[in-house]
Amino acid sequence: MKIKISADHIRLLIPLVSLAVLLVAVFWLQPRAMSYLGLNLLFNLAVPIALATIAQMLVIAVNDLDLSIGTFVSFAACVTAVYMPSTPLLGIFILAVAIAAYAFMGMIIHLRDLPSIVVTLGMSFVWGGLAVLILPSPGGQAPVWLRSMMTAQTPIIPFAIVASLVIGIVAHLIVMKSTLGVAIRGVGGNARSVSRAGWSVLRIKVAAYALSGFFSVLAGMALVGLTTSADANIALRYTLLSIAGVILGGGEFVGGRVSPIGAVVGALTLTLAGSFLSFLRISPDWQIGAQGAVLIVVLGLRLIFSRREA
Amino acid sequence: MTTPVVAVRGASVTFGAVRALSGVDLEISAGEAVGLVGHNGAGKSTIVNVINGGLTPHEGSVSYGGMASGMTGVSAARAGGVRCVFQELSLCSNLSIVENARLMHAGLTGFGWRKRALALIETKLSEVFPGNRVDCSATVGTLSIAERQMVEIALNFLDVSGPPKLVILDEPTSSLDSALAEQMLAHVRKFVSGGGSVLLISHILGEILSTSTRIVVMKDGGVVAARPVSEFTGKSLVEAMGSVVREKTRTGVRTVLDTSPTVIDIPATPRTGLGLKARKGEVIGLAGLGGHGQTAMLLALFRERSSNWLPHRPDEIAFVAGDRALNGTFPLWSILRNLSVGNLGALSKRFSVHAANEDAVGAEWKQKTAIRTPDMHLPILSLSGGNQQKVLFARALSTPARIVLMDDPMRGVDIGTKQDVYSIIRAEAEAGRTFIWYSTEMDEICLCDRVYVFRDGAIVAELSGDEVSEHNVLAASFSGEAA
Amino acid sequence: PHAANADTSGKKIALSNNYAGNSWRQAMLTSWDKVTKPAVAAKKVAAADAFTTAENQATEQAAQIQNMILQGYDAIVLNAASPTALNGAVKAACDAGIIVVSFDGIVNEPCAWRIAVNFKEMGRSQVEYLSKRLPQGGNLLEIRGLAGVFVDDEISAGIHEGVKQFPQFKIVGSVHGDWAQDVAQRAVAGVLPSLPDVAAVVTQGGDGYGAAQAFEAAKRKTPIIVMGNREDELQWWKKQKDANAYETMSVSIAPGVSTLAFWVAQQILDGKQVKKDLTVPFLRIDQANLEDNLKSTQKGGVANVEYSQADAEKVIADAK
Amino acid sequence: MTIFNTALSKPWIWSWLAALATFVLTVLFTGGASTFSLGQATLTFAAFSVIVGLGQMLVITLGPGNVDLSVPATITLSGTLALKFMNTDASLILPGLLVAIGIGLGVGIANYGLIKLLRIPPIIATLSMSFLVQSLAIWSNRGLRIKPPDELSAFTTGMTLGIPNIAVVGLTLSVAIWWLLDRSIYGRWISAIGQSPFAARMAGIPVDGTRFLTYVICAVLAALCGYLLACFSGGAALNMGAEYLLMSIAVVVIGGSAVAGGNSNVPGIWGASLFMFLVVSMLNTYGFGAGIRLMLTGLIIIAVIIAASRRVSAR
């Protein structure tokens, strides 16, 4: 009698519908995009964004916000491009230390009860500074294996789509299915009751931040694989993109309500929105404004479903 | 002689200037149901926190089942088989019931734990609350408050790796209606007769008297009486708590009301043919089982009569929340600010809040509603649950509002204060205020001039004057389907 | 003159631009518009569309280029956010048979053409000029651009080279002005109180006026500030020149170089053999031609030159 | 009274201490010679951050997720349009100011319109709006720099009794906002909303009206800052606001306002604004390269916030 649509399904439905609508619009404007090559070109730059969005989502899941993701991904990209081709061990070591620094940041935030926004804002300067030190002017080089991985010709389905699917599923398993994921979201929902149940909220938060750092590192590496080189400012915009991606994907800033698949879909949607505008060929004066308009329209779609949320 | 499940010896706890516990001894043995009563702020929740390891006493000790006292804190308590249903709901509302169970029970590991957990919860839930209609695969956020409370209770009785030895229930029935409360108490009795032990806290003395084997009375941070239940009567229990029982103050039908002007008039719904009408000076009760639309109606009434865009006219309507954490208190603020926020306009000159006026109003209501605090400038969260509720009450009553909406406002308020508030309500009603009062307690419903009974989101019966009685309300609550 | 003269009237050219947030870029877009509109009307090419990304980011520009591949452009004229980070997308475009011509912000992917300005020389020449004005040397304040960006690094390297060449100069302070007047003003005002006497300010363009303002606010003697061809800088210079015979020079790349890139792309589409690396001189203004340049510069804009098809042919021929 | 008030007033102390320390360190570099001129420069530039920071603070006080990212674009648009409107004509100074304020009103109304009508989270709504506003600025003037009227330019760069006029303006606005926040009913309202919008609604607070007003005030302050900044630096540039995105947020949080909303303070904004200018000046003065400079800036911010945190948790 009653059709059971849970809040979680709605959360996922909205981004999927937005993506589908945009995709139809893009195909209509540019039928050439409807091909193996076309889909790859449309979506391959969404792969690092999707990874960064997952990283942001992990932090949002524990009710924090990470303003340093953009500079951290840039930093990871610089390390990858500078050290990975010649001295991979050193590169891996630096990245591992960076992930540990992320975990440490989570620890400080929890122990001192600091606002994550301020700490990550401060860290964004630190990562930016380190990136400039490592790579004062653009350059470096993608390691061959990374380049060939990111430009792989997968059968039938383009690599960009395969990669997005894999990212979504892995993140879903970690965040929605594993015990650690339950604990992470539990801390976002009600940290007090998680600690009353005998868990160490500190350890959970540290794990969330470490995972976030790990996904950010992957984002940086994927980015270098696509662009073939790095610079210190390469991913600054990922901070806002990743936040927008999480929200677009149905996540909420507080309360541990997140959706990994939604986040990946959100990242794809954001990327596609940019292409959609290119294909519309608006006057250069208004191209920037049109990006805003598209964001508004895509998020406005949520209104259609909002009667249920209210 | 068996070793006690938990033994608290000489525990003292202080919060700044407040001495919440002073040298309390408490032992609970297997097969015992200990009822814990006391006024708001007596220290009941504090001793609960000491027992479950969340709070280390500043003096004294806690030990579990004679275990070596090497372990401390929450993990020691859990290892000792202590489970706790807290006064405020404490599930993660963004997680599913199953996931909450996973967080609560470390034993739920390994492949397929979700399936196992689901089965365990479904069994336990229908064991404690037979005939419930809770969807055990749902996310907690989609459940009503009563359902959440039911789930939380069931989760704490869950037998994952060994049954719980001691279950602490801190005002577990405050958001349950009487039928559900009775089911829960029945389960407690069964659990205790099976060798488990329970610490039950409630302000509803009937529950304590009917369920406990032993009653401990607390007052101002200390234990003042601890005797088997057979040595107490309702009256002696109240006296032990330090309050005086007053006669029921029902004054009979006040006929003057029939001529006073109508202040609220909600047209009849076609389904049941009944609407809601309230006159100046009336106390209207909203009754029925919990979760049948009473809160929704109060929220709608308030929204309708107050603007979301323009400053509110405080002489129109005021609201007393029942769910403090959700829509009542402002946690960063002092007690005083929490109280004065409802009527800032009257305390201000040219939009600027006048500190002296504010202090005066604070002092007046601190005294009127007996808020237990040394200083109204302390944070609101330093108050016990019941005292926070009094602040919300004072917030509404200190406005000149003609209509006061009350959403089960006496949750967790002790009996002495309740009686004070009842008489304030009476006096204010006589002075011309209208009260719309949703309550889950039958005693309170019986104090109202007129009562509307709710079922499935609509009014199914209107009772007035002498028709207002427990029997009639219950009959109307359950008769909906036949009509 | 050459054998293969393909018809370019059916060819579509796109401008990929990564930033529109300053007057230089706006002048660049205006020049593009001014030159390509008549070219399209005269059926020299079928289309010359300009695209700008919302944020100054290599990743967004890479996506933009990939979209242009899908849109079927025959050539892409590119002012790149990064000399290397677009290489993946540029390679993909080349592989799809698209001509890529980069200018100002050039890319180092070998398949693309580059119309470069010798930024290093631009920096070095500033010091050389100063050595003539101040033979005895003095203290320099360096205002740099945006940290981590190629152009900033190049010009700064040139300046340091110049200082090595003319060791009577010493850089006593270096701040990042992000190529913006107000940022430069803020940064200079912050270090100025702790600096010794400054004889001259070497800049990267777009920051000279801010520096002048900061010196004025600190009530310090105005040093020789090398300007960057912005109209307000020239205007200020003119005022100082008239009042107290103030002397300096101004140097920057002309925004109209976008139109040169357009014609070069057209020539390549036309089948011309064009060397991969072309250079254009930077646009320098001196005491003598200040008034002329001021007259021809739009109020509030940047000193500019636009290129014709003939200019492009000449540049190509010269490079041979 | 006293316990509560002193506890509340503590979080901002740390940004002031940090500002003082950086000031002393910078001045020491020159053996004290630069005290006065550095002080003046600091006051001037800090005042701009203060003006936008005040508005941002009110918005952040509204609770988690509330932040106005359209501040930079609003600064740019109001600077551009006001200067274009005045076109160096001194008689249009006041109407020009009204144009700037009008732009602030417009952006604020539009921001809240998106948030309320389309239920878009504020971060994204104001980000989208900033793109639109930036486009408007590009379209309206294409980046041409028009000079401010001479009188206005003299006022914005001038001093009164040795204090920069801009700082006087900033101070006046700060006092006004401090009154709003600490003394007025409106201040209680935004604090309540920041703690729990639902509880605020049920306490009879006009939640939408208050939030609307807050977003409008923030945009108007940004527009005012744009007007002054454009006049101060001799013309509007399309990127003149970019600096103030991170800056406006940083001064609020470093100043000790609770990011979770509900609790904020005005003196902290000043301390943090002075500090943010001084820290860059100090590192520039000591001649650090860009990389080291950025790193140290970040580490100092974190150190300040850790030092401040002990106070906050003792409350």
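The first chain written gets the first letter, and so on, giving A, B, C and D; residue counts start at 1 in each chain.
As a convention for this text, a contact is a pair of C-beta atoms (placed from the backbone, for glycine too) under 8 Å apart; a residue touches a chain by one contact, two chains touch by 3 or more.
Which chain is which protein? Per UniProt: A, D = ABC transporter permease; B = Sugar ABC transporter ATP-binding protein.
These numbers come from a predicted model, not from an experiment.
More C-beta pairs in contact connect the chains of A-D than those of the other pair, out of A-D and A-B. Centroid to centroid, with C-alpha atoms defining each point, chain A and chain D lie 29 Å apart.
Note on chain placement: the centre of chain A and the centre of chain B lie 43 Å apart, centres being C-alpha means. Chain centres here are Cα means. That of chain B falls 71 Å from that of chain C.
Distance between chain A and chain C, defined via averaged C-alpha coordinates, is recorded as 34 Å.
Residues of chain C in contact with two or more other chains: 20, 54, 147-148. Residue positions of chain D touching 2 or more other chains, listed in rising order: 131, 134, 138, 142, 258, 290-291, 294. Shared interface positions of chain B, defined as residues touching 2 or more other chains, are absent. Of all possible chain pairs, the ones that touch are A-B, A-C, A-D, B-D, C-D. The part of chain D that touches chain B in the complex is made up of residues 1, 3-4, 179, 183-186, 188, 191-192, 195-196, 198-209, 212, 258, 262-263.
Across the complex, chain A meets chain B through its residues 6-8, 179, 182-183, 185-186, 188-190, 192-199, 255-257. Remark: chain B residues 52, 54, 74-75, 78, 84, 86, 90-95, 99-100, 102-104, 106, 109, 138-139, 141-142 touch chain A in the complex.
Residue ranges on chain D touching chain A, taken from their complex, read 64-65, 69, 114, 118-121, 123-125, 127-132, 134-136, 138-139, 142, 246, 249-250, 253-254, 258-260, 289-302, 305-306, 309-310, 312-313.
Chain C contributes residues 17, 20, 29, 49-55, 57-60, 62-64, 66-72, 82-89, 91-92, 146-150, 152-154 to its touches with chain A in the complex.
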